[in-house]
Amino acid sequence: MGQPERVQGKETFPKARMEALTDGIFGFAMTLLTVGLIIPDSSPYENVAAMLISLIPDILHYALAFFVLASFWFSHHMQATHLRFIDRRYLAMNTTALLFVTLVPISTLLVGDFPEDILAAITFEANLLITGLLFAAQLWYAAGSGRLISPGSHVVQGKRRAMVVPIVSLLAIAIAATGITWSTATYLIVPVVLRILPTTAAAD
Amino acid sequence: MGQPERVQGKETFPKARMEALTDGIFGFAMTLLTVGLIIPDSSPYENVAAMLISLIPDILHYALAFFVLASFWFSHHMQATHLRFIDRRYLAMNTTALLFVTLVPISTLLVGDFPEDILAAITFEANLLITGLLFAAQLWYAAGSGRLISPGSHVVQGKRRAMVVPIVSLLAIAIAATGITWSTATYLIVPVVLRILPTTAAAD
Amino acid sequence: MGQPERVQGKETFPKARMEALTDGIFGFAMTLLTVGLIIPDSSPYENVAAMLISLIPDILHYALAFFVLASFWFSHHMQATHLRFIDRRYLAMNTTALLFVTLVPISTLLVGDFPEDILAAITFEANLLITGLLFAAQLWYAAGSGRLISPGSHVVQGKRRAMVVPIVSLLAIAIAATGITWSTATYLIVPVVLRILPTTAAAD
Amino acid sequence: MGQPERVQGKETFPKARMEALTDGIFGFAMTLLTVGLIIPDSSPYENVAAMLISLIPDILHYALAFFVLASFWFSHHMQATHLRFIDRRYLAMNTTALLFVTLVPISTLLVGDFPEDILAAITFEANLLITGLLFAAQLWYAAGSGRLISPGSHVVQGKRRAMVVPIVSLLAIAIAATGITWSTATYLIVPVVLRILPTTAAAD
């Protein structure tokens, strides 16, 4: 909890409480995802089996959103590990990214309730696209001329990994735009791609 | 996690867990804001597009409340950075301010559901006014005769910045009282003003 | 994050993560209290003013519960400051107390929705009684023959302060049992009594 | 917040923020359990007493789920105490386990609303079975050839304790499958068994 300082003529802040707020918002958003699963409960299903079957699209999209949020959180975590300090612009980017993180439970609920609707799928995919781009922009900004992060190969690899969800989201939106339903299944390639790409730590 | 001590004959406390509770309540309130977006979901809209369009006022007010809460959190964060310790009165002020923070999701929901209603707008604006005044009072108290914060130009600037949301809220209430709807748009000047004002760290 | 150790033949644990979970649950429970305020929103009120008026009993009980929870949190905080370590039994007591903390939003909602109902009031008051007794028992246990807390006058005063909410709750239940409505107003004497009692830190 | 490192040719990460996210998700899931208790509130009960009586199965299952989640959290806490660092696979296992933790409030709501339904009971028990197995697998993985945890008798005992909830869950599912209702009562033996088994710290 150090004092804010001026580094290279810019005011900077310690990063500990930004991390605490970020962890809190991610934790809540990841848990709040389940609220969408409560809603059908009041619906007039004949029995528990019918209710559970009706929840399957919700659960699939819930698990998908949970893992995508977890991957965003992990990237943020890795990024923060390398940060020497943060500045006001970095904090503004982080806040905007968190705003879109908190919208993920809502767009997941939408696509879970209307799994065959193209617009619902695009809304969900656009939410992940924007969130992913904001986190990528944050890394780009932080690494720019060694501003907040000391340069190194981990930055190169981090940037590449940060583009995986945005690119897959664009692909999913393109698929949805052609009228194909269940375009959200495109995200299943995310873990495969992330496994193949070298990790930020590999060259440290 | 030091022991409570008596400084200048007053009992004081370490600040770490107050920060943890504050971060938790801010994170949760900022995420809970989205719950208001769930409610129209059960409404009988014809299609997903109509539902999304009906959500626009909610999303705008949600984003507005999210950024105002983030700015309160950031001010609190900066304030806490300068605190040497806290006392019982500071803690009471913080608790009362957090009570009004937790009400923000509700008043945001109200104004999002009734975007043309003057009373709904005033309720939302009064909530932000009171919350802002309580956080400003906390800084005033902490800085009074170097009670909890060592004096310095950052205090002068912090006090000035802390008055931005309360003054804009008063302005918005005045606009609403004349019968103009969408008075909440007044808050759009907050980031502009905060950008112009010198920051707490600038003179450290 | 030290290793568990055996002190005086008993296994003990570090306290940091118990504090983190406790802060998290208190923060969520204190924010979740507002969910009760959302429910009337779907009710068919004529206008926003009528809706806000109908929320008054909810808001009063919400504020009451918020401050009682904050006082429990603060006592727990002070208690934890003095803890050298925790043991399995202390953790079990803490978990049970947290269970009743998470029930407070529900019993607050109940008494806010039925402010004139005797049984609703008693349910709310019994919830605070049990929670308060569990936190008091925790202190009693921790301080027993210097088990987890080194003895001192702060323990004597802490025990006295820890009995305030339970005693006021008993008083409120007794008032409710005689058929008097709004017995929850009894809690207004809590801050007065806590102000008069010497604080745990005073004699350190 | 150390740097990621390569230990024995594997990339590893510091554990602090994984613990923060885990504590957040557990705290939120344990509090969100109460949301199930809100739902009957809108139902047309004659009076508060009838409403409270209708909540009894919900409250019993809520308390059961709360203590099972608390025991998972405590095992995770003890496990993390012994961790030297974490790797990508450990993190993936932790994320998957947390996914099932966040589903517990939903399956608890299901079994609380349909306490006599066999399928609802099995859904709840299967949720706890999978969560328990994932946490056990995590310990198995971490302890494998001293990968992330230095070997010792605490590992042997930790593994044994980690199997209690899975085995009891299997037993409960078997009981439910024979058509016996209220099979969730089987979990009442968990605290008894955990009390009898030697603790991880005992032999350190």
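For clarity, chains are labelled A, B, C and D in written order, and residue numbers in each chain start from 1.
The definition used in the following text is that contacts are C-beta pairs under 8 Å (C-beta built on N, C-alpha and C of every residue); 3 or more make two chains touch, one makes a residue touch a chain.
Because the structure is a prediction, the values reported are computed rather than measured.
Matching CA atoms, the turn from subunit C to subunit D amounts to 90°, rounded to the nearest 5. Of all residue numbers used where subunit A meets subunit D, under half belong to both copies. The two sides are thus made of different residues.
Note on chain placement: the centre of subunit B and the centre of subunit C lie 25 Å apart, centres being C-alpha means.
Per-chain CA centroids place subunit B at a distance of 36 Å from subunit D. Within subunit B, the positions touching two or more other chains are listed as 20, 24, 27-28, 32, 35. Those residues of subunit B that touch subunit C in the shared complex are 1-6, 11-14, 17, 20-21, 24-25, 27-29, 32, 35-36, 39, 88, 91, 95, 98-99, 102-103, 105-106, 109-110, 113-114, 117, 119-120, 123.
Considering their complex, residues 19-20, 23-24, 26-28, 30-35, 37-38, 41-42, 47-49, 51-52, 63, 66-67, 70, 73-74, 77-78, 80-82, 199-202, 204 of subunit B touch subunit A.
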